[in-house]
Every structure is written in structure tokens, then in C-alpha cells.
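Naming follows writing order (A, B, C, D and E), and every chain is counted from residue 1.
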Amino acid sequence: MLSHAYLIPLLPLAGFLVLALFGRRIGEPWAGWLGTATVAGSFVLSLVTYGALLGRTGSGREVTDVVYNWIPAIPHSGFQVSASLLVDPLSMTMVLFVTGISTLIHLYSIGYMDGDGDFPKFFLYLNLFVASMLVLVLGGNLLMTFVGWEGVGVCSYWLISFWFGRDSAASAGKKAFLYNRVADVGFLLAMFLVFERTGTLSYGSAGGGGFLGQAASLPPSTRTAVCLLLFLAAAGKSAQFPLFPWLADAMEGPTPVSALIHAATMVTAGVYLMCRIGPLLSLSHTAQLVVSIVGVGTAFVAASIGCAQQDIKKVLAYSTVSQLGYMFLAVGTGAYEAAIFLMVAHAFFKGLLFLGAGSVIHGLHDEQDLKRMGNLRRYMKLTFWTVSVGVVAIAGIPPLSGFFAKGDVLDNAFAGSLFPWKVMWAVGLATALLTAYYMTRLLVLAFLGDDRWKAVVDGGRAKKDPHESPWVMTVPLVVLAVLAVVGGALNLPGHLSFDPLRWLAPVFGPGAFEEHLSGSSQWVLGVVDALVALVGAGVAFRLWSRETERPALEPALLQRSWYLDEVTDATLGRPGQALARMAASFDTRVIDGAVTGVARLTRGAGSGLRRVQTGYVRQYALGITVGLVVLVGYVTFLAVAR
Amino acid sequence: MVPGALFHFSWLKIPANRIDFLTFVFSAAIVLVGAVNVVRQRNPVLAALSLVMTLFGVAVLFVEQQANFLAAVQIIVYAGAIVVLFLFVIMFLGVDREESISEEPLRGQRFWAYLLMALTFVGLLLAGLGSRFGSGVPSVAGTLNDNPAHPRSATPDVVVLGKSVFTTYLFAFEITSALLVIAVVGAVVLARRPGAGPLAEEDDDEVEVEVETAEPEEVST
Amino acid sequence: MSVPYQWDIVLSMLLFSIGAVGVLVRRNILVMFMCIELMLNAANLAFVSFARHLNDVAGQAIVFFVLVVAAAEVVVGLGIVVAMFRRRRGATADDFHLMKG
Amino acid sequence: MTALLAATPAHLTVKIAYLSILPMLALLGGALVILVWSSLLRRPLETVWITSLTVLAATAALVLSLMQYFDVIHHGAHVAIDGAIVSDGFSAFVAVLVSAAVVVAALVGDGWLQQETIRGPEFHVLVLVSASGAMVMGAANDLIVVFLGLEILSIALYVLAAFNARRRQSGEAALKYFVLGGFSSAVFLYGIALVYGSTGTTNLPQIASYLAQNYVLHNGMLLAGLALLLVGFGFKAAAVPFHLWTPDVYQGSPSPVTGFMAAVAKVGAFAALLRVFVSSFGLLRADWQPAVWVIAVASLLLGASVALVQRDIKRMLAYSSINHAGFILLGLQAGSTKGVEGSLYYLFAYSFLALGSFAVISVVGGPGDGRHGLDRYRGLARRQPWLAGALALFLVAQAGIPPTTGFWAKLEVLQAAAGAHSYALAVIAMLSAVIAGFFYLRVVVLMYSPAGATGDGAATGTIVDTVEPARAVGDEGEPVGVAPGGEAGSGAVALLEADTGESAEPLVIPGTTGIALALCAGATVVLGIYPAWLTDFAHQATLLFHP
Amino acid sequence: MPNDNVFPFLSMLIVIPAGFALVAAAVPRTMGERAQRVMVEVVGAAGMLSTLALAVTMAIRFKLHDGGFQMTSSHQWAPSVGVSWHLGIDGISLFLVLMTAVLFPLALLGGRVKRNPQAHVAWLLLLEAGCLGSFVSLDLVLFFVFFELTLVPVYFIIAGWGYAKRSQAAVKFFLYTFLGSAFLLIGIVAVAVIHQHQTGVLTFDLPALEKTIAGTGTATQILLFLGFTAAFAVKAPIFPFHTWSPDAYAESPTAGVVILSAVMAKLGTYGILRFDLGLFPRATVDLAPYLLTLGVVGILYGAVVACAQRDLKRLMAYSSLAHIGFIVLGTFALTTQGVSGGVLQMVNHGLVTAALFLLIGWIYERRRSSQTSELRGLQRPAPVMAAAFTLAMLASIGLPGLNGFVGEFLILSGTFLSHRWWAVVATFGVVVAAVYLLWAYQQVFHHQPEGENATTRDLSWREGAVMVPLVLLIVFLGVYPKPVLDRITPTIDQLVQSVDQATGTTQPGTGPTTAAPGSRP
């Protein structure tokens, strides 16, 4: 079954084609079901492949399946790229959780998007997204990953600007795509450098044939350059420090989109990429340092912004950025398993939270402002319970998955030998505190307190009572809640026997810091993490359960996300337009002017010479005499000179 | 540029043979005075007469160069026929009244005319006579004087000229007939009164027609 | 028997220049024609003196043909002048500047 | 008669190789026959008869010159009539070209004469005799014969210029042409005198051998003579700075005469210029080449730039002929056989273009041959598609657009210039060609813009109604694949606009002019698609150039 | 070059369109307006489709691993002038011919004119003959004749059926290109004369000239190179010589602009590849840095100015300037990978701009304007058109999986190997390219449509039929470019090797062995 890995991405792609050609005819619900079926089918296929892979051991767990020869061998430079898929523990982990989460969210979308005019088109884009994500994850070489990379970028552009009637949605989509494009430059340059240095783009494994195999023999400067360039790409895709504003605006898209793309799958692509080039990354300490610093920095900044947001989806968006920061911290410390574990766990509870928020918004008929919700506990029982599970998980309160995943990351940071790792651990801890605070704030504002939504008079008539979402939306919530709780077991510390993630070792090899932490210090750290989470939650509960307006706690700096948007606009936006206008006028006036200038010059010369033609015979004779004198003069000069 | 080689006007010395020199000076004076008069004379008739004077001077020089026949032809054809024709036309058109020489409508025409022609003269002089060669080149069209020792007894120039016109230059001679045909036909055509037929409306290029669309400005968008 | 030929050539050059000046300066068309005749005579003089110097008959033959050409020219020239003067009395060369630019 | 002949002493009789002068005699004979015949009849001869006689004489001359050409090919070049005339490829080429030009000129003249109702044979006689003058210049082997040929050509043209007595410009043009012509031929004559004085002979091959034998230290007089000759030739060929007469004379004289003048006068002048400067004074190339270079550049640039601002089509074509003179000088200054070949090809191509263009102008000029403003050509394609197509073809060919003779001509001349490493001149030449391209294109645009609207200015956003590009004339009716007139075909006139701006008085093309147009257009296109014939002919002409 | 005696494919490629042009012109006007329009269009379509069929059969017969010229046919045309009717096709020109043969029928069907279709069809067929002739002729003068021959029809198409300021735009186009080709003519003549001095044979035959001219001194080669490149730089607008293209593209009718941008622009880049690299290797290597800089400037400048354009057509003009910049970049990288990418990108760019200009033309037909300010929210009433525009836009941006990406990637990676920093700067061009296209798409297709915008009808069956082949090609070339690259790379490898031998430089290798990056001198 391993050799048919191409079926996994092919199924959703087929779904996309069918919907593209007959989408409109299939119509409202069935298009949704078709979409969900294809994704579910590829989930089953990936389970089967996972099983087959489990059967093998050690290095046998890496199978490359060449589908067809994409770019033939270019003579002399030997550049040759084939459309190949790489099935190994890392990619299978990603495939499993991507197809899993997608199936749930497809199911959820059937409910969420009912009654929308472009219902089939939504699933069309979703299917294409899943196909591209699978290609990204299963890609056997950098170029295939890049194909998936751009594919998901375009799908996120389409899905964000799905309700293109709304100006904000259209420009948000464009903004997301442009940020991704800026990042892709890094990816392209990295690919060129890798090809130039190693002659191939295919990964191969630590010891094997691809460019990762030659990682050791590369000069350190190249290694750092490649890693940093790829990190630039990852930062763009996974919304890290300078490039994360697009994720907040991406909330313009429908909530399932936010859940699937901007929480669970696409944004994790960056982390996957960094993990994939792990062997190379771990050889370049400077790159590791940069990655972890940016990671932890983003985590803290995003968490701080999250505390001041009013829009429920914005809070979750910044929380995602913050959690991604954690993942990059883990990658930076070399704890790739921890990063993957946090990613999977995060996918569960963040997906749950987003879907929860979605059903809240659906219930309150498109109301997203926390300050206008409250006391939904009475009306949306199931949503309340599932969301609270998610909040507890993400806050890192034991025994849920968040505690273990985040704990792992912080432990690795603490274990780092040098001083900066300790600082990063402290910042990470502070971020954990903030996370617990703003998540509890969200829960309290949305579900507890009094019914602030009644006061909102929308268009003259009072709002109807919020109703619980239909089953097709609540089932995924429940499944995700269960997973969020159980997720922690995947990577229990220490010596517990059952540890499926241990099987990732062959991909990443040794090098995680955690091993040389003594068992006791791990327990101490765990207790510290738990305490921090409880304190954060408690403070938030006490502050926000009664009072809903606390300007001191929501300063403008944080609400405007550290004015990052204004800064980029001032540095790139406006000057860019000015440059364009200036270049355009330069083009028409100077270059074009030069051309018409020459034309006018010729005509001027013409009319000037025309005046020589006076019409008088004697002056013509004078003209001839001038010619005569010149020639005779020339001849005399010749005769005399010789 | 060796100045020495520049001017070898060795021929400037006064020739020994006194009479030849006198005749040359006399005829040169006639020629030059006549020429200047043609230009300066206000009355065209007097100008024509001074032209005759020049022609006479040139004829004398011809004789001195043993071109007796040419001298005669010069007087008869040139002075006799062509200048008479001039006089006839002057009288016929009645343009024989005084014509003011002093005012010159075309600005700078006079100044440039004198300057340029002076330059040409000097140029020709330097270029032309500066060169020393021009030695006895074997005559192609036949020698003029087959007995240099006794110029008088040599075959008369008429015979030699006659022979050359009808052998070497026979073709040229025949072609002049075409020239004369044109002259006659031309005279007839030009003398014809403009008959009936469509009078050409005034040519429209005097009226400055503004061709705006096809105007060259169109290049400059 | 006669002066060195260069004297004659200088004289002819002088005559040529005077003729040319005459054409440029005088406004009466007929006088311009006469000046052209002067230039032709200068050429004839040069031809004859070269013929004499080179002891070659070609020079004299050329003068013979130049005479014919001069005659034909004058006939046509005067014909044109007469044709033009029929329209307007006493025109000088400067009156003919209809076409310019 | 035979007795008389026998009596003359043996050394006096000159062996005359009749074949070498037969083409000229054919023309002169034709002229005389017409003259005598029309004077003998009581009532004056019909113009159509005179034209047919002229065409007959000209075609006879054409056939004879072709015979001469083939005779020369087989028996080699030889000097005839005691050194006055040379019968070689070069003279045969000139003869063929001149006689062909006469055929076209006579046809165009006929149309014009009937339009102006001018009776009498004089026009055709003068055309024939002046053409023979041009042939003489082409075949002259002696400076005297060159001078005589020049005078025959010029004097006839002075009279032809004055032919339209009713139009004041015609007289003025003739007068200007006469005065300046007289002045420059006097200078030319003095040049011959100086050359004669310094080399001792007027015979061209003799001069060449003289220069070959003795290296002349102080050749001041010879160079002065050369300079004066160049002035005379420059005037006739309308090169700058001796060009001042060209615009006025081209505009003033009747259109058929202008066409004839632009073609045949230029051919005669350049033929003699090429022979004198390249074959006899070839050794002095180092001296005269810079002068010719400067004249060529001046002609190229002035001709192109002033033509840009002209509003009268005849003056515009006058300046464009100065530009073309510059191109032909390009070939001359190369001083090589390739240069002569290029110049000859260019002359051949340009003659037909000039004759054709002025033929169209003479028709469009209307009665009185007066109105030649560019404005008259607006929307011509609508009223007269064939005429407009022909003129468009000639203009495009003069601009040098590929598949026409104009392009091959420029290519040949450029090859010559490149061969002589005068790349700068080639660049300047092509720059002037681009400027020229504009004012040729402007006329084509005018012809194809709709008569009513003012072209594009007033047109609002809607797509302005445009004109079906007229058919280009192909003489055997064979469609012309490439001419801007689009393809031959019966569907000629596009949707007629209701309000054709000016009164579209019926422009009728006289039959004879139509034939002439067909000949010129055919020559331009056929030789454009198969340039091999003409290039071989010009190539042969230069090989035999040095007898 | 032996004559391919089986069937003169290449000569027929030129003769068929020219012949049909005459037939189209000869269609009698007497029968009614409607019948005549139908008849003319049938003739037009027949002509172009038969040419397409011929081109396809020829492509099938094209032998795979043979880098040299195939299906050559050479006859004497004017021996004393040295011009011969010498045609041949190889990896470089094969796909350009195919692209031309595909695009002309689409342009004809897509850009129909209401008035006077007879002349329009006739001119288009003649233009096709000119373009195909230029791509397959191996004789310099023959190339020049076809190169100039394309000028006249385009002039008449723009002047005849263009928009408001069409005659000025047409004149400017004609003169600008004419000036460029004037220098080309001098270059051609000079090359032939130098060849004649060395070998005594006067010929304009490219293969023969290449042997002698490649050996001449660098100084002469640089002069000749500048002469040739002047004409090609004007034709494919390269940076400083592009000011005619916005006017020409904005003012010409749909069919005209499709051909002008898709096919005619490639005449320039093809010319550079075929003549400059072949004839003047030393000059190419010496001037490569300058040309690369022009290419990169073109990419960034074109994109930046495009951002400030309000008219869709002008925006596309500057976008083409940027894409041509990429092709120039690839050509002067002088690595097999870069140049092959350049050739592939020529075809890709042709297909993409053709699609975009057809769409813009149809938008103009519906809304009488191509100003972004007047168009809003078209995606609502015309989703299919929006989808097609999106696909073409994404291909133009270089989305992997579509044809734009493969060419662009090969160009950038190829240039990276030899001239590293030019490639780095050019890669940023990719971003700016996305900016103006997405901005334009959002302006025109997103937001709420009001007024006339809301009632624009979607693509008709005819327009859909025209778009389908383009869309299929765009996707196919993106997903499976192997057959195209297999035929291009052998010829390019031969060409780059010949440049290396003549100049003694070597292409930079890849893999761990490379010493310093970008070893090309």
C-alpha cells in the first residue's frame, strides 16, 4: 500500500475537479457531502498507510514514490525534478492529523455554510486546499513542497475573500497572499542555493542521498543561509513576528476556514518544513538561535495582543500565532518531537475553540464582539462545555493535552546549556500565564455574566434567542473535545511504554536537550507550569466575571497589535504607491519625452533649414558659390599641404 | 608643408620679347576693363557694348595664341550674333532705362558675392598655378604647330582644327546638331502665346493650408 | 612668340571671377546672362592658352563647341526671358520668388 | 556619293561602330521624324499619334540598347568613333534605363497634354532629345562629349520646365533653372579646362592612364578641376549645397516634366559622375572621397528633415529626391565596382518610383496642374483606390520597406558603403531613411483616412469608420501580395461615407497614364520579389566598366 | 543544408497564410454584408486552422534528440545579392511556431471586428505569414524581410480598428520599430561584408556566417551586437525602448494586441537568441552583465509602473515588459538551464498574455471601457470570466502547477548559477508582479457590482471555446512540461556550448564540486 501514497492527495484533488465541473448542478447539501467523503476517504487511506508503515522498523520506514518525471534532466546543469512523494513517520503524522481535522471541519462546514449562495464553491476550494496541503506534506523534494506551499497560499486567498462582496474580505485575502508571496521569495532563494550547492532538491534522510545527506559536507555559511531563508518562508506561512498581521485579517473568511487553515493545518506548514530540514538545522547553531528567539518573541507579543482583543476570532487568531511561536521555540531547541506533539495537540484544541466560536457566531446570527455576548451558558449548553474543555486544554491546566505539550517545549528550553535558553524559558512561562489569562477572559465574557446580546438592537428588531447548533456542527465539537483531552497521552514523559511518537526518532535523530534533564527536575518544572496556568485562569476569572469594561487592561497599543500594520503601511505601503506613481510619470515624461523630443528636434531642424530656401535666384547662386568655395578651399588645402 | 614648395611662381618675370608683352598687357587691359564695365554699367546697353569690348580683347589674345580662326569666329559669332541678339532683346523689352546699382534688396548678398569669389580666385590661383608640371604631354588630338621653329610656315591652325573636328571630335560635332534643334524648338515653344485651355487656378500652396491632422506634430502624442 | 601661358590662365581666372560676381550681384536678368557669357569666355581663353602650351588641338576644338553651346543657351535663355516679361514689365531677377520654403 | 567618299584621304575617314550609338540615333531620329511629319501636314498632328511615335522610338532605342548590351557581353567593350563614345555594359545599362524612362514619361506627358489641351509635337521632341543627351552622358568617353551631353539634357529641360505657359510658377521655375544651370555649366566647363590643362587631354581613359603613369607631386590644378567638375555634377544631381534650385523647379514645372527630370536628369548626371570619378579619377579617390562623403551626409540629412515640414507634395518629393541623391552618393564614395553597382541599381529603382509618383501627382493635380497641397490627398483611397494604391506602393518603396525594389536598392548601397568601411555614413543614411519613412507614411495615412472626418483628432471614442485598403496595381493583374494596398480583388471601395468632405469631383485617370502607372508599379513589385535580374544586370554593367 | 525533400513544411507554413490572405481579400463584395462576413471568416479560419494543422504535423515529425536545424529547405532567391530562401527549424523556433499557429486562430475568433472584417482577416493572415516567416528563416535578409513585413499589417490593424488615439499610436509603433530595424539592416550588411572579406563569398546564410563572424575581434562584435540588439530591444520591449508599447497595446483592437504582445514580442527575444548568441559570442559574454541589468530593471520597473496604471491594457503592457525582462535574464545567464527557461517562458508568456488580453477585450466589448475605476464586482454577474481571468493571472504570477512557474523557476535558478545577485534581485520581482495583478483583479472582479457592472453577461459559447484551449495549454505545460523541455534543451545546450568554445569560458557546474558561486567571468 506504501507505493500508492499518491492516492491520498489525489482523492481530494478528484473531488475538486468534480466540484469544479459539476459543482453548481450538485447543489447545496450534496456538494458538501461529496467534499467530506473525499477527505474522509483519504483519511482512511492514510490510516492504512500508517499501519503499513508501522509494520516496518528503523530505516525501512522511509519510502519514496516517484509519480512521474516533472522537469526532465537539463543537460550540463543536471537539474532534474520528479513529482515524488516521501512517506515517512513525519509526513504520515502530518497526513493523519491533516486529513483527520479536515474531515471534521468539512462535516462542520456543511452546517455552517447552509443557505450560502456559493455553497458548492466553498467545498471546491476546501478540497483543493486539502489536496495542496497533502502534496506539501508528502512532497519528496523541496519543489514538490513548494507546489503544495503555493497551492495552500492560493486556496487561503480564495477562502479568505470568499465573501468578495465585502471590501474588507477582498483586501484581507489579497494581504494574506502578498505576505505569503514575500515569504516565498525566501523559499525560492533557498531552493536555488541548495541546488547550486548539492545538485539536487530531494530531501533524502540524514544519512541518505538527498541534500540533507550532504548537510554535513556543506560549508557552515551555506547551511545557515539555507536554514534562515527557509525560516523566512516558514515565518511568512506560519505568521511569525514581522509577517503575522495577515492572520488577524484572515479572520474575515468563514469560521471553518479559520479553523481549518488558520489554526490547524496551513499555519503549521512552516513548522513542518523546519522539522523536515531538522538534520540541516541542527548543524547550524546560529540558525537555531534565531528560530527560537523569533519563536518565543512572537509567542509573547501575540499573547499580549490577544489579551486586548474584542473580536472572539481575533483572540483565537493571536492565540494561534502565540502557540506557533512556541512550536518554533521547540524547533529552535532541537526538540522536533515536542514541536510536532504541540502542533497535533494544538490542532485539536484550537480547532475545537474555533468551531466553538463558529457555533457561537452562528447561534448569535453573525455577532463576533465579545462585549456583546454573555450568559450563553444557558442557551448553548454543549458548545459551552466543549469550549471550556478547549480553554482548559490551551491554558495548560493539567491533565489535558495542552499541559503536556507546552510542558515539553518549556522543559526543552530550560534544559538548554547557555544562558539565553533560560531567558527564553522565562519568557515562555510568562506567555503561558498570559495564554491562560486571555483564554479564560474569552470564556467568561462569552458564556458567563449577563445577557449583553439582548441589548443589541439590530435593525430595529431585537435579536432572537441564540439556539444550539445542529448536530452536524456539534458532533465535530465533541470529537475534538475528546481528542483535546486524550491528546496528552501521545507523548507522556519518560518511560511510559506506549509511545507512538517515539517512532519519529529515525526521522530526526538524536539531539533533543530533554534527555539530560533528571526526572525530578522534570516534575518540578511540570508543577511550576501547572501553577502558572491556574494563577492566570484565576486572575482572569476574578477580573472579568463581573466587570466587562476595563480600559486599563486593553490599551490601544495592544488593541492595534503594536501598530505593526501602520508601520508596514508607512514603510512599504504608501512609499510603494508613491514610487509607482513617480515611476509612471517618469516613464511617460522622461523616456517618452526623449522620443518625442527627438521627433520635435528633427522637425525644428527641418523648418530651420526650410528658411534657407528664400526663393531668390541670386541667393541660390550664392548657395552654389558657397559649395564652390568650400570645394576649392579643400582642394587648395590638399595641394598646399602636400 | 614646406613653404618653399608652396609658391614657385617662376613664371612671374617679365619676358624678354618686348612686343609680345605689350600686346598681352594691352589686350588684358581691354578684357578686364570690359568685364568690370559689364558688371558695373547701369545701362544694359552699355553693358552689352563693354561685353563686346571684352570679346575683342579675348580675340586679340586668341590671335596671339595662333588661334586665328577662333579669333575670327569669336568676333563674328560671339560679338556679331550673340551680343546683337542681346541688344535686340534689350531694345525689344524696353529694359534699357537706367537701373539703380547702389541699392541691394537681398541683405548680405553683395558682401558675400565679393568675398566668396575673391576666395575662389585666390584658391584657384594657389592650387592651379602653384603646380609646376604641365610639361609637354604627347598630344592626343593632334599637334597644333608641327613646325615650332618657323611658326609662320607651320600648317595654318584652321587646317589642323578642321581636321581634328572631323576626326577626333566627329561625334561631338554631330551632337551639336541636336543642341541646335532644341534651341530652335525651344524658341518656338517659348514664343507661343498662352492659348485657350484651363487657366490654372492660383496654386493653393500660396494660401498656407493648415493640414492639422497629418501635421507632423502627431508624432508627439 | 607670346607670354608664358600662366599669364593667360591668371587673366582667365580673373575674368571667370568677375563673371561670377556679376551673376551674383546684378539684378537685371540680361546682365546676368552676359556675365555667364563672360565666364564662358574665360573658359575659352583658358582652353586656348592650354592648347597653345600643350601644343594640342583639343583645346581649340573645345572652344569651337563651346561657342555652339553658348549660342544655343542664349537663344533659349532669352526666349524664357521674353516669355516671362510678356506678363510683367521691367521685372528683375528678385521679382521671381513665388516659390519658397 | 561614294566617289566623294573615296576622294577623301584615308586617314580622314573615321570608322564608326554604329551599334554603339544606335540607341541615341533612334531617339534623335524619332524626334526628327515627328518634327518633320507634323510640320508637313496641314492640320496639326493628333497628340495620340505623336505619343505612339515617341513610344515606338523609345522602345526601338530600348531594344537596340539591349542588343548593344548582349553584343558587349559577347565581344567585350570597345571605344567607338575615335574615342568619343564607349560601348560597354555601363553605357548599355544607362541606355536601357533612359529609354524605359522615356516610354513612361511620354505616356504620362500625353495624359497631361490632353488634359491641358496643348497641341503640337514640341513636348515629345524635347523629351526625346533630352533623353538622347542623357544617353550621351552615359556613354561619353571624353569630357567634351560629357559637357555636350549635359548641355543637350539641360537646355531641353529648361524649355520643358517652361512648357506650361499659363502657369506663372512654370516660367519662374524655368528661369531659375536656366540661370543656375548656365552658371553651374560655366563652372563645369572651367573645371574641364583645368583638367585639360593639367593632364593634357580630355579623353577619360587617357586621363586614367596618365594618372597611372606619372605620380604627380603638385596636382593642384587637376584637383581644382576636379572640384569644379564636382560642382557641376552636384548641381545636376541635386546634391546639397547645390540643391537650392530643386524644390522650386520640381514644384514649378509641369508634373510629367518633373517626373522626367527627377528620373532622367539624375541618371545622366550620376552616370557621368560615376564614370568620371570612379573610372578615370579612381586613383585620386583618397582626395575626392571626403568631399563626396560630406556632400552625401548633407544631402541625406537635409533632404529628409526639410521634407518633413513640407505641405506641398511636389516640394516634399523634391526634398526626398535630394535624400535619394545622398543614398546614391553613398555608392559613389565607396569608389569600388560594388559601389557603382549599388548606385546603378538605386538609379534604376528610383527612376521608376519618381516617374510613377509624379504620374499620380499629375493626375491628382487636376486641370491646370496647380493644386498639389497635401490636403488634396485626404481620403484619396476612397475616391480612387487604384491611384491611391499605386502612390502608396511608390511611397512605401521609397521608404525602403522590404519586398520592393526600394529595399534592395538601399541594401545594395549599404553593402557598398560597408565594403568601404564607411559605417558611420551607413548609420546616418539609415537614420535619414527612418525620418523619410515618417513623411512617406504620413501621405499614406492621409490617403487612407476617411475624407470627411479630420483623420483621428475629432474622432470620438467609437471606432471610426475606416477605409478598405485599395487594391495595389499589378500589371499582369497578378495580385500584389504585399503592397499596403492590401490584395487585388474586385471588392475595392469600402462603405462610402455619406458626407465626403470636399466635392469629390470625378478624378479620371487618362488611359496612357494608367499604362505608365502599371509599368512603374509592375517594375517596382516584380523586381522587388525577384531582384536577381536587376542585380545581375547592374553587376555585369560594372564588370565591363573599365574598357 | 540538404533540402527536406519529403514535403516543404516550412515553405508551406508561409505560403498557406499568405495565399489565404489573398483569397480573403479577393472575396467579392457584391454579395450581401452578412454573407460576405461569414465567407471571409470561413476563409480566415480555414487558412489559420490549416496552418495550425501543418504546424502540428511538423512538430510531430520533429526528431527529438537532434539539436541542429531540421526540415530545412534552401533555394536560390537572388544569388548576386547573396540572399537565399533558406528555412529551418530547431528547438528554439519549434514551439514559437506552434504557439503562433495556435494563437492566430484564437485571436481571429476572439477579436472579431464589426466593420470591414474582410480587410481585418486579410491583414491578420498576412501578419501570420510574416511572423512564421521570421521564426523559420535562416537567411539574415530573409529574416529582415519578414521582420519588416510584419510592420505593415500591424500598422493597418491598429490604425484601422483601434480606439481613440490609434493613428498616433500606430505611427509611433511603426517608426520606433522601423528605427530599430534600420540598425539591424546595417548590422546584417556589415556581417555579410566582413564574411565576404574573409571568405570571398557574399552570403547572408546564418550557419555560414556564424563560423566566420564568431571568430572576429571583440570590439567589432560588440558594435555589431549593439546594432542587432537595438532592433530586437525595440521589438520585444526591453527597458529603455518600451515607451511605444503602452500606447500600441492600449489603442489596438483585441486581435491586434493579442498578436502584438504574444507573438510579435517574441520576435525580439527570439532574434536575440538566434542571432546575438550565435554570431557574437564574445560580445554576448562581455555585455551579458549589462543586458542582465537591463532585464532585472525591466522586471522591477515594469512591475512598479504597472502598479500605477489605471487602464487594464496599459497595465498588461508593463506586465509584459516585466515578463520579457525575465526572458532576457534567462537568455543572458548563458547557462543551458537559464536559456531553456527563457525559451519555455517565451511560449508560456505568449499563452498567458493572449488569454488576459482576450478577456480584457471582451470586458471592453461589454462595458465599453477597460479603466479599473469604471469596472467593479464583475465576479458576481460573470463568474466563468472571473475564473478564467484568475487562472491566467495566477499563471502570470508564476503559481507552481501552471505554466508560468516552470519557465520562471528555470530562468531564476539558471541565472543563480552564473550571475547570483541578479537572480536574487529578480526573485523579488516575483512579489511585485503579484501586487499589481491582484490589485487589478480585486478592483475589477471583487466588491459589490452596481449599475452596468451588475448586468454584464458572462462568456458566450464562442468566447468560452476560445478560452478552453488556452486554459488547457496553461495547465498542461505547468503540470507536464517534459515533452517541451526535451525538445528545447538539446538545441540550447549546443548553442551555449558554441558560445563557451568561442569565448573560452565555461558554464558553472552544480553540486558540491563548485568552488566559488557564479564562476562565469
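Rule of thumb we're sticking to: a contact is a pair of C-beta atoms (placed from the backbone, for glycine too) under 8 Å apart; a residue touches a chain by one contact, two chains touch by 3 or more.
Owing to the predicted nature of the structure, the values given are computational and were not obtained by experimental measurement.
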If we look at chain C and chain D, which chains touch each of them? A, B
Starting at chain C, how many touching-chain steps does it take at least to reach chain E? 2
By mean C-alpha coordinates, which chain is most distant from chain B? A
When B-C and D-E are ranked by contacting C-beta pairs, first comes B-C
Would you mind checking which chain's mean C-alpha position lies nearest the centre of all protein C-alpha atoms? E
Based on mean C-alpha positions, I'd like to know which chain lies farthest from chain D. A
Inter-centroid spacing, chain D versus chain A (mean Cα positions, whole Å): 78
Centroid distance [mean C-alpha coordinates] between chain D and chain B, Å: 29
So, in whole Å, the Cα centroid of chain A is separated from that of chain C by 98
Once you find the CA centre of chain B and the CA centre of chain E, what distance in Å lies between them? 67
Shared interface positions of chain B, touching two or more other chains: 106, 109, 112-113, 116-117, 120, 123-124, 126-131, 134, 137, 139-141, 163, 168-169, 172, 176, 179, 182-183, 186, 189-190, 205, 216, 219, 221
Can you list the residues of chain E that touch 2 or more other chains? 165, 167-168, 171-172, 175
Quick check on chain D: which residues sit in contact with 2+ other chains? 144, 148, 151, 155, 158-159, 162, 165, 169, 175-176, 179, 183, 187, 194, 197, 200-201, 217-220, 223-224, 247-248, 251, 308-310, 315, 438, 442, 445, 449, 455-456
Spell out the residues on chain D that touch chain E in their complex, using ranges where they run on. 396, 401-403, 407-408, 410-412, 414-415, 417-419, 423, 426-427, 430-431, 433-434, 437-438, 441-442, 445, 448-449, 455-456, 459-461, 463, 465-466, 468-469, 479, 481-482, 484, 486-492, 494-495, 530-532, 535-536, 539
Looking at the complex, which residues from chain C come into contact with chain B? 1-4, 6-11, 13-22, 24-28, 30-31, 33-35, 37-38, 41, 44-45, 48-49, 51-58, 60-61, 63-65, 67-72, 74-76, 78-83, 85, 89-90, 92, 94, 98-99
Of all residues in chain A, which touch chain B in the complex? 592, 596, 599-600, 603, 614, 616, 618-619, 622, 625-626, 628-629, 632-633, 635-636, 639-641
Per the touch rule above, chain E residues touching chain A in the complex are 172, 176, 240, 242-244, 301, 304-309, 335-337, 340, 377, 379-380, 394, 397, 399-401, 405-406, 409-410, 412-414, 416-417, 423-424, 427-428, 430-431, 434-435, 438-439, 442, 445-448, 479-482, 485-486, 489-490, 493, 496, 507, 509-512, 514, 517
Touching chain A in the complex, chain D uses residues 175-176, 179-180, 183-184, 187, 217-220, 223-224, 226-228, 230-231, 234-235, 241-242, 244-245, 247-248, 287, 290-291, 301-302, 305-310, 435
